[in-house]
Each structure stands twice: as structure tokens, then as C-alpha cells.
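Note that chain A is present in both complexes that follow, paired respectively with chain B and with chain C.
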Partner chain A sequence: MSDLALDVVQQALNGFLFGSSYALIGIGFTMIFGVMEKLNLAFGITALGGAYAALLVFQLTRAPFPLVVLASVAAAGLIGLVVEITCFRWMPGDYPLAALMATVGMLFFVEEVIVHATNGVPRAFPAPLGQAMFDLGPWLLRGDLAFMFLVCLAVMVALWLLVFRTRLGLATRAVSQQPVAAQLCGIGLRRVNAAVFVLTGMVGGVAGALIGSAVGNLSPLLALPLTVKGLVTAVLGGLGSIPGAIVGGLLLGVVEYEALYFFGIGYRDMVTYLLLFAFLVFRPGGLFGSAARR
Partner chain B sequence: MDFYVSLLTLFGFRILLGLSAYVVILTGQISLAQAGFYALGAYSAGAATALWGWPIVPAILLGAVVGGFFGFLVGFPALRVRGLFLVIATLAFTEIVRMVFLNLKYTIRVGDRTIGPAAGEGFRGITYYFEHGWSGLHILGFTWLFVAAVLLGLWLMDRSRAGAVLRAVGEDELAASSVGINLTAAKVSAMTLGGFVAGMAGALYAHYASYVSQEDFGVLLATFAIAYALVGGTGSVLGPVAGVLFFSLLIDGLRFLGDWRNLLFGVLIVAMMNLRPHGLVDAGLVRRLVGLRRRASAGA
Partner chain C sequence: MKRTAMVVLSILFVLAPLVAAMTWEPAWAQDRVIKIAGVGAMSGVVRTFGVNAKATLDMATDEINAAGGIKLKDGSRAKIVTTYVDERCNAEEGISVIRKLASEDWLVSIGPTCSNVAEPLFGILQRKAGDAGDSGLQFPIFTDTAIKPGLAKISEWSFRNVPHEPTMYNHLFKWLKEKNPDAKTVMIGVESDFAHSNANAGIMEAAAKAAGFEVLGQEKWLLNDTEFSTQVGKFRRAKPDIIGIAAHPFTTCGALREMKRQGVKPKVMVGLTSSATLETMVGCGPEAEGMIIPTGFAPVTPEAKRVAKTVAERYKGNVDLHSAAVYENIQVLKMVIESSGVEGKPTTVASDRRKVRDGLAQVKEFNGLLGKVQRTEDRESTKPYVFAQARNSDWAVLFDPR
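Let's look at the complex of A and B:
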């Protein structure tokens, strides 16, 4: 096999594994949209805030890595709840722009808290696997990315069980399909909304901690790319579709790594956006979305 | 004094940017493309005076027309995608524009200086004001001529049939189309008009700043554009003006708080949206103000 083909496959492998974290962020955006038909622009910062809280726990206690991830999950779940209360709970239901703007305010706020606490300097994040590499025939498998992929897979399975095998999941699906009918059946809309925000926040917390450990450090500058990539993922997959977000995230990861290899860092994001445009024009519902959703 | 002059000039750019987002929001669409139009206006008008030696007024108008043209282009795909998809599509537009300017190199040498867009280093040497010896007050007056014209134009539009059409589309597309309103025409013209105003704002900004770089025209600027309109309210053209005042007073007025200012900034946006979800100048306030004026004129 030629060197080029080897490299292309290597990049695809890395991108596929890293894409799993985009998938988790995309799931957060897509689930909140599915339930409330509103966009939560503070979701990227929720994930990042969780990761920073985990970093704080790590620096204070030197806790082992699984506990650090748990701290991130707990903190991001809490931030998710705060976002629901401050930006969604008392907003008029027929004017989604107010909630959208409030989440932008929240994005600024959490970002500033992080800048304030860290002086805006990037901080090293624990990476338990370090630079571990596994041989995979002619290719190398990065240990941290493989770990990230496995954890993301576990989170997705857990989420699937929760959405399709529990009462809360049933209520969530009911609200996302027919909010009024769901209420008539005795489902508490507020409780479901709050639960979805906590749950997606926790998913974001996992993603934040994993991205932190794969990149090796955290910076408040990550907030914007996380938000944009989560949105792109959700659109590629079809807003409201969880399997769509997973496939969209993996696709985005592969496309990004290949674009980085072929065109360099200056054009990487441009390729991402062109892909997004292509989707919006030719398949506006995304991969798994129904046409009625747009 | 100089400080206040430049602050007022900055208000002008921000108000124009807020108004450009306001026009689009009237039709119920949220566009993050305004920063892209602003960048296109800034670069094209900058190139017109600095590279091609145009006079200032045609250059500003060129920036506006370029912004409007791209608004027109963005308007068409915007018909296919709605709501949140439009937010993301327009965000992609702004980022693509930014990346084009990040990679665009088109410089000439004038004497011992290199001017023109130099890829990542930005666009230096838009020195029309400086070369013609304009003072800060000149620049302020010139900028506000455009701001006043746009404010007046949009105010008149709002009171005309065109304004009613745009608002009808924003309130309920189905109802609007069933009374015979052409949705395509309404949305594309709102986007074109928004692009025109944003391009003009960018053109004026480029000459004020004399140096522009793609870094300044990112998603953050686009977010501020819609923030001026949403926090200020879309009940009247005064909404975006109120929004600009709100943000500018926060940014510049809370300076004594030091680092804490930025923390308060986000909190205040959240609080504002909870207290006045439709913005400072919402439909209710406009109705009350109009009522007051009617009563006053009836009494006299």
C-alpha cells in the first residue's frame, strides 16, 4: 500500500475516534432541541465548565482519573440545571429568541468565570494514558483516543437504555413528540425539561473531560469551537435525532482529520463548513431527520 | 473629549450593525451572517479608497452594495432552511468569509509602504481620513450622517406597507402567505437590506479603524449584532439603539468594577431576557408611547 493510502487511513482512524466526542456534544444540542424546540447555545460551555470543575477537583485532591471524570459529570449536570432555570423555565413559550439570547448571556458568563478563575491561561488536564500507542498492522492507535471512543460508546449505550427503557425516557420522547398531549397524560413538562438539561449536561461533562485529556489542556478559547462543532454535528445528523448526532459526530471527525491532512490547518474548518452547506442545500433534514423537522 | 467623540463614533457602527440584524429579525429569522456582510463591506470599501483611489462616499456605498449583494445571495438558500438551521447556515457563511480573508493576499506597494489585504496580517493602510486631514469630529459627523439616514429610512419603512409585510411574515408565515404576501420576496429583501446596512457599517468602520483584520469579524461580532436587536427589542427602530446603549453602558460604564465587569455582563443579559423577554423597546412600549403622543396632540 502506498504511503498516501496509509496516511489517509490513519487520519480516518484518528478522526473517527475523536469524532466520538463531537457526537456526545452533538447529542446534547440535539436532545434539548428535540424536547423543547429551542436552541441552547450554552451547551458547549456547559461541557467545558464541567471539565474545568473536574480540573479543580484534580488539583485540590489529586484524585484518580475516573473520579475526575465523575466530578466533571456532576458539575456539568449542575450547570445544565442552572441553564434550564435561568434561561428556559420562565421564558415565554412562543418566543424562542428570548431563550436563545439568554443562553448567549450564560455562555459569556460561564466563560468569564473560567477566565477569571484561571487568568485565561490554558491549564494542563490529566491524561492518564499519556502518549500510549498500540500497533494496528501498519497503523498506530492512539491510546487516549481509543479510550475516549470506548467511554463515548458506553455513554451512548447508557443513554439509549435510558431513553428507550425507562419511564423518564418514555416521558422525554412523549414530550418531544407532542408536548401538549404529553401534559394531558400527566407528564410534568417542567420535570422532564429539567431532567433533560441535567442529563445532557452530564453527557457534556463526559465529553469535556475526555476532550481535555485527549488535547492535554483546557482553555476558555475552546468554548466557541465546541459550540460550533456541536451545532454542526447536530445539523449533519438531523436536529432531534440521537443516532443522527452519533453518525454526524463521527463523520465530522473523519472529515476534519482528512481536511487537516490534505489542506492544512488554515483550510480545515472551511472544508467543515462546505460540508455543512452541502447538507443544508441537498439534505436539509440531516442524515436521520425528517423533512418536517426543519 | 476625544474619548467621547470616538465612543459616539463607535456607537454609530454598533447601531448600524444592530439595525441590520433588526431588519432580518422582523421577518422572524435569526442571522449570524451580519458579521460576514460587515467584513465584506469593510474589505471592499477599504480596497476602494486605499487601492483604487476612490473618493470616500462611493467607497462607503460600494461596501453597502457588496454587503447587500451577498445578503441577496444568502437570502435564497435561507428560504430552504428555517429557524435554527438558518442560524447555523449563516454562522457557516460568516466563518467562510472570515477564512477567505484569512487567506486572501492582494497587496500593492505605495512608496515604501505595502497596503492591501495581506492574508493573516490583515488589511493595513485604509488611511483616507488621515490623508485628507479629517478630525475626530469630522469622522463622527460623517458616520452619523449614514446612521441618521438609515434610522430614518427604516423608520419610514416600518410605518409603510413594507414594514407591515415584514412583520406579518415574522409573526406567522402561514397566515402571511394566505393573505397573499410573497414570502420569498419578503425574506430575500429583508436579508438584502440587512446585508446592505451591515456592509455600510463595515465600510465606515474600516475607514475609522484604518486597519481591519479577519479576527474582528467572527461569530462574536455576529452574536453582538443580534444581541443589540434582541436585548433592545424589535418593537421599533429605537430598539437596536436602546440595545447598543445598554451594552455600551455596561461595557464602558462598569469599567470601575475591573475584571468583575465581564462576569456581570453575562448575568445582566440573562436577567434582562427574563425581565423583558421581547427586549427593552417591545411592542407594548411602542403602543404606550404612540398612545401618549396621540393623547398629547389631542389635548393640544
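Let's look at the complex of A and C:
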């Protein structure tokens, strides 16, 4: 096999695995949109906030990595609840832009809190699988990213079970399809919304801890890329679709890596956003979403 | 009764001078203060630069005030009053804060942090001092951190005391060639969307070529990238003897981690001047081990040790190659203010600024924390430096050419 072919496959492998970090973030965006039909631009910072809280727990207790992840899950769930209350519950319901802008404000607010707490200095995050590499013939596979991919699949299965096999899932689906009818049936809208934010926050916590571990560092610099890539992932996959978020994230990862290889860093993001543009024009509903009307 | 009163009076007579001596403060000239404004990044991901600069500014001015302040033209003494303003590493913000400071009664400013702020900021200053046809700001700025080469020549009101990177890297690569005669090739990784990193990559490349190395190319990434397998994969394939990384700690650490993962082990790793900081040690940990960086500060002189220790213990900051310049700049400003007849009155702000500018322009040499600092015709410094190496999660002096 030629060097070019080897490299193209290696890039696809890297992109596929790194795309699972986009997928985890994309799941959060897509779930909230699926239930409330509103975008939560503070989701990326929720994930990062959870990871920073977990890092604090790690620094104080030297806890093993699974406990660090759990701390991230708990903290991000809590941040998710705060976001729901401050950016959605308290906002006027008949003015959708209010909630959107509130989440933008929350994104920069939490980011600046992190900057002030850390002086913007990157902090090393525990990375137990950080150096694990597997040889697949001529190709290398990063152990931590492979693990993240498996977690991504596990999260998808868990969310599917939750949505389709539990009372909370039933209530969530009811609220997402017919909020008024759901309320008339006795389903508490606020309670369901809060549960969705806590739940997606917890997924964000998993994402934050695994991304922190894969990067090896936490930095406020991560806030904006997580937000933008999460949003692009959700749009590519189809807003509201969890499998779509996963496929969208993996697709985004592969496209980015191949673009980087063939065109260089100066064009990588251009290719990514051209892809987004193409989707919005030709398939606005994304890969798995319902067909949107123009 | 009379006797008791006499005893009390005697005690007061003895104690009064003692109490006065204990509570003595210099007799500050009424309404006479020297106002120096620090300008740097206090928010965003480069906040650490501003925090360290402010801590060093506070330390230096507290010391001068405690020693009696600054002597003015009429012989009276004035206290230094400071502020520290956030420029957010943003050009518009930097210009806005300097315009505000210049419209008030601040005498001079130290800053800014970022080169992308300094460059346009110097552009709004009067280009040639005294040019009546130029309405640019007549406000002296003495830069401590923004390091992109050659910026002070933009205006005669801009002065800088930052390391001269081309000199340092030329020397470093020449030294590396002597110490590693087997090393032939160099490859550079650069954070291409950050002005200083980009400029530094060019400096490294030119220095490597001048020292006789073959430069195999540059691999680029962006300031907030998190994954470097593609770029490091190209390092792995090219097998350069030396890898230079012109990037700030966040991506430097990521790239080093990926190098370790892919088993990329160059004979020498060279880093960006701004990464010779505690930040790199905190972020990179053992992955930074062995990296060599030329730096304009290391605690290698008694004065440098004292300043670093005081700032760390009492002001909760770190003295590094950037914040060390704040201490030096304050000492130079004190010298200039005292020798150029600054009056320090609210009515003499404009003429005092001009005196400070002219005084700074006349400085040819001063004592820096590492030794003599030479001033150049284009208002830059030629500073002493050392080569630092990351060892056991700290910076150690590898070579001291002073």
C-alpha cells in the first residue's frame, strides 16, 4: 500500500476516534433541542465546568480516575440544572432569543470564572490511558480515543433505554411532542425540563472528563471549540437525533482530519464549515433529523 | 499631683520621638504623585501574564515608596500611584484603555501583554515626537511583555524592554550545533494563528539555517487545537534531529504529549521564549523534560533571586522573562523621572510626559536583573539571557552566556 493510502486510512481512523468527543458534546445539544426546541449554547462550558470541578476533586483527594469521572458527571449535572433555571426557566417563554442569548452569556460567564480561578493557565488532567497506543498493522490507534468511542456508544444505548424504557423517558417524549397535552396529562413541564438538563449535563460531564483526559490538559481555550463543534455535530446529525449526533460527530472528525492532511491547517476549518453549509442547503434536517422545510 | 504630672510629661518627652520615628513616613509633596499605569491582560487565557506583571509592579512601587518615593524637580518627593488596566489581549480594548489613560493624568504606561495589541497601539501614538502636524497621542509607553521583534520603531513614544528573540535563537542554534555536531536537521511546529508564535517560528527557522542546520519544514496548528497526531505524524516520518515548538503552553503540552505517544524522540527540543514559565511545568509535566528555551530571566543573580522570592511570597505572582521587565522598567522610570526634571503637578502632565519620553530615549544602559541591559537606537533593549532547560518539572540554567 502506498504512503498516501496509509496516511489517508490513518487520518480516517484518527478522525473517527476523535470525532467521538464531538459526538458526546453533540448529544447534549441535540437532546435539549429535541425536548425544548431551543439551543443551549452553554452546553460546552457545562461539560468543561464539570471537568474542572472533577480536576479540583482529583487535586484534593488524588481519587482514582473513575471517581474523577463521576465527580465530573455530578458537577456537570448540577451546572446543567443551574443553566436550566437561569437561562430557560427565568426567561420569557414567548421570546426564544432571550434563552439563546442567556446561554451565550452563561458560556462566557463560566469561562471567565474558570479564567479567574486558574489565571488561564492550562492544568494537567489525569490521563490514565493517555499513552496507550495499539498497532493495527501499519496504523496506530490511540487507546484513550478508542475508549471514548466505546463510552460514546454506551451513552447512546443508555440514553435510548432511558428515553424508551422509563417513565421519565415517556414523559420526556410527551413533552417534546405535545407540551400542552403532556401538561394536561399531569406531566410537570418544569420537572421534565430540569431532568433533561441534569441528564444532558451528566453526559457533558462524561464528555468533559474524557476530553480532558484525551487532551491531557484543561484550559478555558476549550470552551469555544467545544461549543462550535458540538453545535455543528448536532446540525450534521440532525437536531434532536441522538444517533445522528454520534454519526455527525464521527463524520465531522473524519472530514477535519482528511482536510488537515490534504489542505493544511489553514483550510481545515473552511472545509468543515463548507460541509455544514452544504448540509444546511441540501439536507437541512441533517443525517437523521426530520426533513426541514426551507 | 505636681510630681505625677512631671513624671507623665517626662515619659511623653522620651516616648514622643520614639513614636514619631516608628510611624515616620516620607513627607510627600502635597498633591504630587507620579502616576504609572500598568496595562496588560487580566482576563482571558493570557490572564496569567497580567497577574504576574501586576504583582511585580506592586512589589517594585511599594519598595520605592517605602524608600522615600521619587525625587521631583524642586527636591520634594512624590509617591508612586499605580493602576492596572485590562486590555484583554484585544487590540480595540488596548487602544481604548490607553486613550482613556492619556486623557487623564497618568504620566506613563507599562504594557501591553500581547504583540497584537502593541502593534496597533503604537500606531495611534505620535510617530515623531514634537511633530506639530501629527495629532497622535503623546503618551510614553514602556512595554514589558509584547515581544514580537521591532515594534518600538513604530513611534518615538513607544519603548520596549523585551528580550531580542533573533539574537537569543541565533545564539542558541549556534550553541546547539557546537554541542551536537551530529545533529543536521530541524523541524518546527507552530501555532500559526498567534502573532508571536508565528514570528518566532520564522526566527527559529532563520537561526537554524544560519547555524548550518537543514530545516525540513514547519507543521502548523491553531491556538486552541487539542489533537496533534497529523502534525506529529509528519515529525515521526521526517525524523528531525531537533524539533522547535513555537507555541504557547497549551498546545506545546499537547504536541509534546502526542510526540511521546508516537515515540518521536528528537535529540533536542527547543521551545518558545514565552513558554519558559511555570505555566508550562503545570500544564506539561514530565513531557516537557529536556526542552531548551532561551530566556531573559532566571533567578541567577542575588537581586533576581530576591525579587522573584518577594513577588512569589508577598504578592502571589511569578517573576518570569516578561514580568521581570516590569521591575526593571519601574527602576528605569524612577531614574529617568529623577534626572529629567519631572514636576509631578496636575498642570505639568503634558510636559512631564515629554520629559519622560526624552529621558527614556537618552538611556543607553541600565542595570537589569540579570546584568547590564543595553538600549538600542530604535528604543529596544539588548538584554542578557540564559538558556533554560526543563528538568525535574522546573527550569534549570543549562548555559549562561553572560
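Just so we're on the same page, the second predicted complex is superposed on the first by the 291 of 294 C-alpha atoms of A that agree within 3 Å, B and C clash if a C-alpha of one lies under 4 Å from a C-alpha of the other, contacts with A are read in each partner's own complex, and residues count from 1 in each chain.
The rule is short, and it goes like this: contacts are C-beta pairs under 8 Å (C-beta built on N, C-alpha and C of every residue); 3 or more make two chains touch, one makes a residue touch a chain.
Fair warning: this is a prediction, and the values are worked out from it, not measured in the lab.
In the superposed model, A:L170 lies in contact with neither chain B nor chain C. When the two structures are aligned on the shared chain, A:N14 is found in touch with chain C, with no touch to chain B.
Within the superposed three-chain model, A:L70 lies out of touch with both chain B and chain C [touch as defined at top]. With both structures placed on the common chain, the touch criterion links A:V228 to chain B but leaves chain C unconnected. When the shared chain is aligned, chain B and chain C each come close enough to touch A:V115. When the shared chain is aligned, chain C comes close enough to touch A:I265, but chain B does not. Using the contact criterion defined above for the overlaid structures, shared-chain residue A:Q131 touches chain C, although it does not reach chain B.
In the superposed pair of complexes, A:A98 makes contact with chain B only, with no contact to chain C. When the two complexes are overlaid on their common chain A, residue A:G216 makes contact with chain C while staying clear of chain B. A count of residues in chain A touched by chain B and by chain C gives the higher number to B. The interface of chain A with chain B overlaps its interface with chain C at residues 112, 115-116, 224, 266. For chain C in complex with chain A, the touching residues are 43-48, 51, 192, 220-224, 226-227, 229-230, 233, 249-250, 253-254, 257, 260-262, 278-279, 282-285, 287. Residues 25, 30, 77, 80-85, 87-89, 91-92, 95-96, 99, 102-103, 219-220, 223, 226-227, 230-231, 259-260, 262-263, 265-270, 272-274, 277-278 of chain B are the ones touching chain A in the complex. Residues 33, 39, 86-87, 90-92, 95-102, 104-113, 115-116, 224, 228, 231-232, 235, 239, 266-267, 269-270, 273-274, 276-277, 280-281, 284, 294 of chain A touch chain B in their complex. For chain A in complex with chain C, the touching residues are 7, 10-11, 14, 18, 112, 115-116, 119-124, 130-131, 133, 140, 142, 211, 214-217, 219-222, 224-225, 257, 260-261, 264-266.
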